[in-house]
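Pasting the structures here.
Below are two complexes that have chain A in common, paired first with chain B and then with chain C.
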Partner chain A sequence: MMAVLAPENHGLRLAVRYLVLILVAAIFVLPLLFMVMSSFKPDAQLLNDTSSLRAFLPVGDLTLENYREAFDRAPVRLFVLNSVLVTGVTVLLALIVCSLAAFAFVYMNWRGRDVVLSIILATLIVPFETIAIPLLLIVSKLPWIGLDGIETTWLNTYRVQIIPWIADGLTVFLFVQYFKDLPGELIEAARVEGASWVQIYWRVVMPLAGPVIATAAILKFLLMYNQYLWPLIVVQQEQYRPVMVGLQYFFQLDTAWGEIMAYLTMITVPVLAFYLVLQRAFIASIASQGVKG
Partner chain B sequence: MASKLTQSNRAGWAFALPGFGLIAAFIILPFFFAFGLSLTDQRLVSPNATQFVGLENYRDMLGLGLVTLEPERDEAGEIVRDEDGLPQYPRVRTITRSDEYPQYSGMGEWFSWSSGDTVKVVLASDVVFWRALANTLLFVLIVAPVQAACALGLALLINQRLRGINVFRALYFMPVVVSIVVVSLLWRFIYDGRDGLLNSMLGFLSFGAFEGHDWLGDPATALPAIMAMSIWQAVGFHMVIWLAGLQTISPTLYEAADIEGASKWQRFRYVTWPGLRNTAVLILIVITMQAFALFAQIDVMTNGGPLDSTQTLVFQAVERGYGRQDISGGSTISVVLFLLVLTISLIQRWLTRERK
Partner chain C sequence: MKRLLMTSAALTAFGGAAMAQTEISMWYHGAGNQVESDILNGIVSDFNESQSDWTVTVESFPQASYNDSVVAAALAGNLPCIMDVDGPVMPNWAWSGYMQPLSIDEGLIEDFLPGTLGMWDGELYSVGLWDAAVALYARESTLEELGLRRPTLEEPWTGEEFMAALDAARDSGNYEYALDLGMNDQGEWYPYAFLPFLWSHGGSLVDRETYASAEGALNGEAGIEFGEWWQMLFEEGYAPGTSEDPADQTRGFIEGDFAFQWNGNWRAVATMEEVDDVIFLPAPDFGAGNFIGGGSWQFGVSASCPNPEGANAFIEFALQDEYLAAFSDGIGLIPATSSAAAMTENYAEGGPLAVFFDLSNDQARLRPVTPGYVVQSEIFTKAMADIANGADVIDTLDAAVDEIESDIEANQGYGHE
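What follows is the complex of A and B.
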């Protein structure tokens, strides 16, 4: 079919294809571009520029004033540190705890294994939103033995933002799928040589698990950094607040759009940069959910 | 794969226990708690002991009634009309506050329509809950198919063999990594009634003919505006899952179709679409679960307003369970929500089952 077409016709078709791709890309990119560009513009100019393509361009009177004001309005550094701490610790613990469990499901033979695995997989159909309220009651009454003695609640802490999110069915499932595809002879050989389970896990299996570790880490990272509902209801003290809840400082009172765009840019651009560098891994991690179910 | 010869009960449990224990404590336990708490009057903080109340929470929430209002008549039996000639009806309050109809006491008007000279009024004991339920279902019923279709369109677009196609894939996916909270606040500005980007752009494109519209302030457009934004944010996610499905279809099938002289549509209809059946089921279930969880957009953009036109089940569960510290009320909504998610997933699985 294509061979019949004249070359210039072919070139035209190609141009149309790219034009469609570019127009669609504009739909996804322009709002984000608008956010970043607006964060550098004084409010008056920001509002003026919306009526033309200037809205998406770094033109006019560019300033960092919005950023300075955003820092004045809210303890931005504290929120970012809280988010980084909660996200980092949860991702790390999730990788260890979930891969250990998956290791037990795939390589070890123990009473109750299949039942426990099916129970864990069944939790995949429970959306977090349906358990948030009963979980709020539970954590409000959970005791904790800390350095300062016994505490009677988990509200307003880091642990309440971390511990409930460490283990989940999806992460366990991803590790199980991956471990099943590793050659079993490796593990058998290590067993025969007298290696302990911990040694096999740490020295044989985990070094081969790079791709699934990346997938699980990226999914957990996005989930944790973007948390909103849970910290909203379990953290009232500013001291423990993460970035997404910190956003409330900017939309509940007066709305100064320049400051808002500055804050949104600050908490989003690092993630976007991280994504653009590792985009293949990000997209692969979402695609790997496609095998679920 | 596990060795059949050696049993390692203790080591097995030791490895699995941290993960299983955490899932049991923070997912399974609260899940069953939701059912239990919905049968009590539990509050977050309360000096009084919690009481078992049976199905009272469900009755208070789900109660519905249908009443027919006859127009008011004067002594001669003529219908009383106002200046515009419209018939006059007794106020709904005369029914819900009357001792004659104890079954309707405490109910409020959800919606009504006229049929002939009479007006039918649907009463609900918890009007906000029913509005939230209706909005949530509407959101799911529109967003799930539209988003799945848009995502498939994007996946087909991205599945072409063109130089630089990966750049476009990366750009289409970009909003997925941005928090929905950030997206919601950004789009609040885009939708803003006075200075919003959308109004300005529409005004610019129509050479000033477009007057501007308060997208989130109008009950007719608030929920559709949130739907459009939600699709914009999440469609790249499902595009990638479709793409993974597309790439499992064997190229030899397409070659065979080309030899048979199949048209583009026939290729899609008879090769691509049958190959995507499992992906389609998965995508619909994933989108449905995500759509039912609608919360952050509402909390940031509208708080359920205007006139309850954007109330949703999760927003109400949080409003009651956290905002009013009414744990049992929030749990009751959570249970209803879970049963809905479960039912719709099962229906979707059944509708898209393999036909023998």
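What follows is the complex of A and C.
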């Protein structure tokens, strides 16, 4: 017997569904709201408001003083620029390198392909913390030929924050999975037409890879923008410090919470901007592949 | 012409060499603290201008991640010449080979507070321009209202008097809690602030003679008595526990929610601005003496420093009273000498914080001077939090002792004879 949904039941279900969605949205939005609102409040008021809903509202003595103090306490612009530079370059290079690797794994036949792919995917289960110290010892003695001649270490540079993070198993995996789902006939047709592998990669495959590029870019962006441990141990000069290490400038014996909220609000802007640019493709990719962000 | 050019080149090279100052790198933990950075940069600038042999360059790090940066740099062989080090951490860095003993004129440090001198293995490895101290914050009006005697350094409250004061505060119904201990800050605050209570009960984190064992020191009769007293503070509602809201910890005493607060001198100035009749009382004596923790940030020289004479010259230069006083006026900490204290606003005789200088001089005891302290402090912190949250006292202290013993054994006794 087929159940018939009465109009009032349908309305109730809709209401429950929206209620659940609103609650879930609130869980994600309220901390952000608290951060932004608190960034405009003096410390005493901020701390007093934490015990009530006032914490999420623009009420009381609102001021930009926390932002001014944050700029006085730390070189905020420098930290944001460093993070954006390191993150941007890494994301760009990662998209190129990892998609090329995935292209070779999916479309080209070569001996040991499956074994190499398995090894790369196995790196997904290795926590970075376990290789941080060996990697530190390597980069501290690694030579480099630059504009200033031969250097004997990678410490205190941008490259030490970029190069070790370009290739990673997750990004390769995302591209491999996506490329596998593209119609093989396209590649075969291009081969028949005499296209080279490079032409197929650049003119056939990559133009179709928008969703996975967006997904990989966002995941890589978040990973890089949130870097803390690695820059902490390889960078000892303020001029190369990223935003997350910069956050530590605000934790003093007498912590100024309003300044911390102002700093966090400012460093969140690039993340939101990047996500907003790519969100449509990101959602399309999740919908098609079930990738969790 | 050729001869003229060569002569000119030779003169330039010679003159350059004569003028050149050798660079001495220095790391400091004060990034984000503009006042502290300005004072340090002033000292560095004065030093660089005062002589022609050395030029010190400073790289500042945020305090919260400073130790991790130093350890990573030590592994990578990238330490600076001069580094600052937190007093209780120094033995670990000296034992690990990161630091070398200082070779400064010891006459310069004769009058320094004991907590400012970092000794390891019989040698001076670090020296601080200031010390920090903890006191029992109270209001004069609270003592009057509750009919309590004002304790002094000479005659501090006994354990019974202290508990009677807490009882009076609790029974008055005027306070949310009788005492605030800052339990939400589960970092170095725990051993710094709470080890003195253990010492005052007659216990210790490790055997302070040999540093080879914690058995009987932490979990002996005195340690258990301390643990039970500690747990009682929370079970009977005298003090907020580990889930204390940071906002309450910051504002609670100022707003009158707590009758007493166990707090550091770095909060004293801010508290005085809002509480007219705040007074700073010495630690109570539970029978084995009254103590507070000693040892703050100090300057040392790295083992890999290629120019230790320059590094030592800078440290000697920085030990002048005017700089000790400048740091104290700037960041509120206790100047290392009484002559520097006399030059400060807060610590001069009759000054509002002068009591802290006396507390530091008379009551301060260093946390265990052993490389193993960096591990032991974390074990102690966890044990104190667990006991405050209701864990069995004896089991918890025994487990802590086992952990400490294992660590000492794994590190072959940390170099103690």
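Quick notes on this one:
Rule of thumb we're sticking to: the second predicted complex is superposed on the first by the 234 of 293 C-alpha atoms of A that agree within 3 Å, B and C clash if a C-alpha of one lies under 4 Å from a C-alpha of the other, contacts with A are read in each partner's own complex, and residues count from 1 in each chain.
In this section, a contact is a pair of C-beta atoms (placed from the backbone, for glycine too) under 8 Å apart; a residue touches a chain by one contact, two chains touch by 3 or more.
From a predicted model like this one, the values you see are computed outputs, not experimental measurements.
In the superposition on chain A, A:136 makes contact with both chain B and chain C.
Set against each other, chain B and chain C differ in how many residues of chain A they touch, and the higher count belongs to B. In the superposition on chain A, contact of A:9 is made with neither chain B nor chain C. In the superposed model, A:73 makes contact with chain C only, not with chain B. Shared-chain residue A:51: touches chain B and chain C both.
Within the superposed three-chain model, A:254 lies in touch with chain C and out of touch with chain B [touch as defined at top].
In the superposition on chain A, contact is made by A:98 with chain B only, not with chain C. When the two structures are aligned on the shared chain, A:153 is found in touch with chain C, with no touch to chain B.
When the shared chain is aligned, chain B and chain C each come close enough to touch A:233.
Comparing the two interfaces of chain A, the one with chain B and the one with chain C have residues 47, 50-51, 133, 136-137, 140, 232-233, 250-251, 257 in common. Of all residues in chain A, those touching chain B in their complex are 14, 17-18, 20-21, 24-25, 27-29, 31-32, 34-35, 47, 50-52, 55, 97-98, 100-101, 103-113, 116, 119-120, 123, 125-138, 140, 163-169, 172, 180, 184, 187-188, 191, 197, 201, 222, 225-226, 228-229, 232-233, 244, 247, 250-251, 257, 260-261, 264, 267-268, 271-272, 275-276, 279, 282-283, 286-287, 289-293.
Considering their complex, residues 27, 31-34, 59-65, 68-69, 72-73, 75-78, 245-247, 250-251, 264, 266-267, 270 of chain C touch chain A. Those residues of chain A that touch chain C in the shared complex are 43-44, 47-48, 50-51, 72-74, 133, 136-137, 140, 153, 155, 232-234, 236-238, 245-246, 248-254, 257. Within the complex formed with chain A, the residues of chain B that make contact are 1-4, 6-16, 18-23, 26-31, 33-34, 37, 42, 44-45, 154, 157, 160, 162, 165, 168-182, 185-190, 195-197, 200-201, 203-204, 232, 236-237, 240-241, 243-245, 279, 281-282, 285-286, 289, 292-293, 295-296, 299-300, 314, 317-318, 321-322, 327, 330-331, 334-335, 337-338, 341-342, 345.
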